[in-house]
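As structure tokens, the structure follows; a few thoughts come after it.
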Amino acid sequence: MVVDLNADLGEGAGHDEAILEYISSANIACGWHAGDADTMRQCVRWALARGVAIGAHPSYPDRQYFGRTEMTLPPDSVYTSVLYQIGALQAIARGEGTRLHHVKPHGALYNQAAHDPLLAEAIVAAVQAADPALRLVGLAGSELVQHARAAGLVALDEAFVDRRYRADGTLVPRSAAGALIEDEAEALAQALQLVNGSVTSIDEQHIAIHADTLCLHGDSPYAVTFARLIHSQLLRHGITVSAT
Amino acid sequence: MVVDLNADLGEGAGHDEAILEYISSANIACGWHAGDADTMRQCVRWALARGVAIGAHPSYPDRQYFGRTEMTLPPDSVYTSVLYQIGALQAIARGEGTRLHHVKPHGALYNQAAHDPLLAEAIVAAVQAADPALRLVGLAGSELVQHARAAGLVALDEAFVDRRYRADGTLVPRSAAGALIEDEAEALAQALQLVNGSVTSIDEQHIAIHADTLCLHGDSPYAVTFARLIHSQLLRHGITVSAT
Amino acid sequence: MVVDLNADLGEGAGHDEAILEYISSANIACGWHAGDADTMRQCVRWALARGVAIGAHPSYPDRQYFGRTEMTLPPDSVYTSVLYQIGALQAIARGEGTRLHHVKPHGALYNQAAHDPLLAEAIVAAVQAADPALRLVGLAGSELVQHARAAGLVALDEAFVDRRYRADGTLVPRSAAGALIEDEAEALAQALQLVNGSVTSIDEQHIAIHADTLCLHGDSPYAVTFARLIHSQLLRHGITVSAT
Amino acid sequence: MVVDLNADLGEGAGHDEAILEYISSANIACGWHAGDADTMRQCVRWALARGVAIGAHPSYPDRQYFGRTEMTLPPDSVYTSVLYQIGALQAIARGEGTRLHHVKPHGALYNQAAHDPLLAEAIVAAVQAADPALRLVGLAGSELVQHARAAGLVALDEAFVDRRYRADGTLVPRSAAGALIEDEAEALAQALQLVNGSVTSIDEQHIAIHADTLCLHGDSPYAVTFARLIHSQLLRHGITVSAT
């Protein structure tokens, strides 16, 4: 069995290099919600040195609120915005002698594209324009991954080890009680469950879910410790951690 | 005889489409001093429709002062900054089925790179990393074009039809009296002189200058009228206007 | 009879100084959707020289899309954002020996606050914190002006001479057919009607509307000509143009 | 004996609240190199709750490089930029029922203003326009504090406990060997020396220096531990820590 572990980099967390030891895919912020051209190159170099797959992590133009503000943009502007950010990282990767492996939208853009078909299409079109070989990472089962596949892209279903799910397979919103799994053992158990194709919803239902990649949130002070734990436990359970 | 006419686009002047009728190369702002992903795509489309060569116009990160503020950045940051901007426009061009022809730095970056070898090298390295087939446009005879050629890039010497020159071939600074040629007939005469390899300096010396491309400033309200005039007069004198 | 004529300034239209001849209130962009500290000071000086009332024109943080993108921000962030922008202009006005007269939110912030009570309250609280003597300009009859009055602020009902109204007193959205009045004579007729307390809706109903201030859009190339016309026609009809 | 301890806040260090326990003056970033309207309010509240004097920490417009890039701006633009940032924080402070105590320029602006009289004058003029009762903090003995005093402002001479000095009283540049004092005991010894009006230069000379306020750098992971140490040792030596 194989699973990908991904984390967001270049967002100022201060432990990018450490967390790279335990992941197989890095999503690098492209300057619109965090990061800049220098941090992008630094992250590319660090990932390259460890054989970690390099991806773009494009966002709405929202440094002030870290790309978490919901916006209503014309799909054409979403297309150009995403393409701009991918292109910027592609060039920086080329300068380091490598190329991008995937794209994962950030924050509000990710969330809105999970259920808004016009937004999903705009992102898919941008990824195709940038490079049709790029994988597109989205919420498992979402509009985004469905549109990506319909358009011929390889899409990766993403699941979260530290977020609780509802019985319909969507995430419990961050603002709701019990949204986050703060206990490590519980998060670890969910990781193993997800790799095996299911998850227990917040109302205790056993639901099916397909996960190509698991997201490790990188902004907590315990992110590195937790990444190390998840990584070692997956290996112990005979699961290979690798980008697909 | 052939000369290239270039102008800066996507900077909010309001007559980008009109001026494209009279130029052979467009330098498109990449969002750091002006423009955004939408204007970049719009300019690419307009240029493409008229067969005008498309170039990136990267800048220091300075929207507030339109990229005209002198900055002291480490060469590494200049390298990543320029590469970021070229990459963004490359991807947008790819989305329109075309590719970039050249790169021309903007404002203070252009001016400082004309005489600062470390800055020149950083820009040259970024252009090479992005695409070694890209032409690099710089002040005629400057450090920038010299470094570009030494590194194996095709560099284009740029001259100005509406700026006065000093006897050493450098421009009279904007802040000095007589820096700008405001009379159309005089600018036209200088254009014809430049195409023929010389210019009359502000102190009335006849000096040699090589110009591959002439810059038409686009931010005046008379820019379009003036572009039309220069273009038609060059044709009348048997000179071909074309990107090289 | 008295009416205020207002226009948005410092947004790069290029005719700020000219339009100031015909208005009684200037809404100055504060750098978040357009403008910067220099243009703010320039606009304050120009307005001051003509006795035009000076106001802040705060926006969402959205230079890329000129403050026209709808956002979902916590009310607390709207409060701090609006207060920040008012404070910046207050200080610049103080430096010129004058003070602010009013605040008018810009773009998507203005539109969303017209019907969102939490947003309206956040803006009202920011204006009160900045200076309780400031007038708050909002869409005539909107949540914003109602909340302002309930909180003890002087609120000004704003109406539009070049936008069509629906029978319920709201504006026909820009995206709908017939939203804009492009004929000058018609806009002028609507201005005179508005001053007299009514407007003819798009479905030809005669509805009551109270207007303390009329907005002259400043971003069209005909803005100055139109401002001159409205101004002179109002005077001819015995109406005084003055800030209240 | 009395000395002020100051630190920069709202710059994303993650321990603002903790460090406030040990300082008497807080310099709050105003959004141009770091921070935003929300962090500004949060810092004002935290400082207010602990009786720490609140100051503005204005910067060049340079989020990308944290305000550390040297720029060449017209003095008029420096004046409006500084005034804009002070005004923004003044309004936010007013909203919390308090007012500003001082202004301390950040990064490259601080360093360039230490020896550039035109820049110093521009900053002094902005502080006076904002509120002539504001103290202006600058490098001890610099052009900035001299111009401030000549103009009638109260200026505070700032010294650094963790930077080495040259025999002429200027700082050893960060890029030079031995610029930083990394040993805590040594930094503490320098703090006590500075309070007593002298410092030992890098070439072992004993020089006189007047320090009204000591800067505690806040961006190291050890900043809080170090602040606690300096604070307690100053008290132990009978020195009062208080804003002036």
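Per-chain residue numbering starts at 1, and chain names A, B, C and D are given in the order in which the chains are listed.
To be clear about the criterion, a contact is a pair of C-beta atoms (placed from the backbone, for glycine too) under 8 Å apart; a residue touches a chain by one contact, two chains touch by 3 or more.
All of these numbers come straight from a predicted model, not from anything done at the bench.
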Mind listing the chains that sit against chain B and also against chain D?
A, C
B-C against A-C, pair bridged by the larger set of C-beta contacts:
A-C
Copies chain C and chain D touch via same or different residues, half shared test:
same
Rounded to the nearest Å, the gap between Cα centres of chain A and chain C is 42
Identify all positions of chain D at which a residue touches two or more other chains, and write them in rising order.
36, 64, 77
Can you name the residues of chain A that touch chain C in the complex?
61-62, 64-65, 69-73, 77
Which chain D residues qualify as touching chain C in the complex?
31, 36-38, 40-41, 76-77, 79-81, 83-92, 94-95, 125-126, 129-130
Residue numbers of chain C touching chain B in their complex, please.
12, 36, 63-64
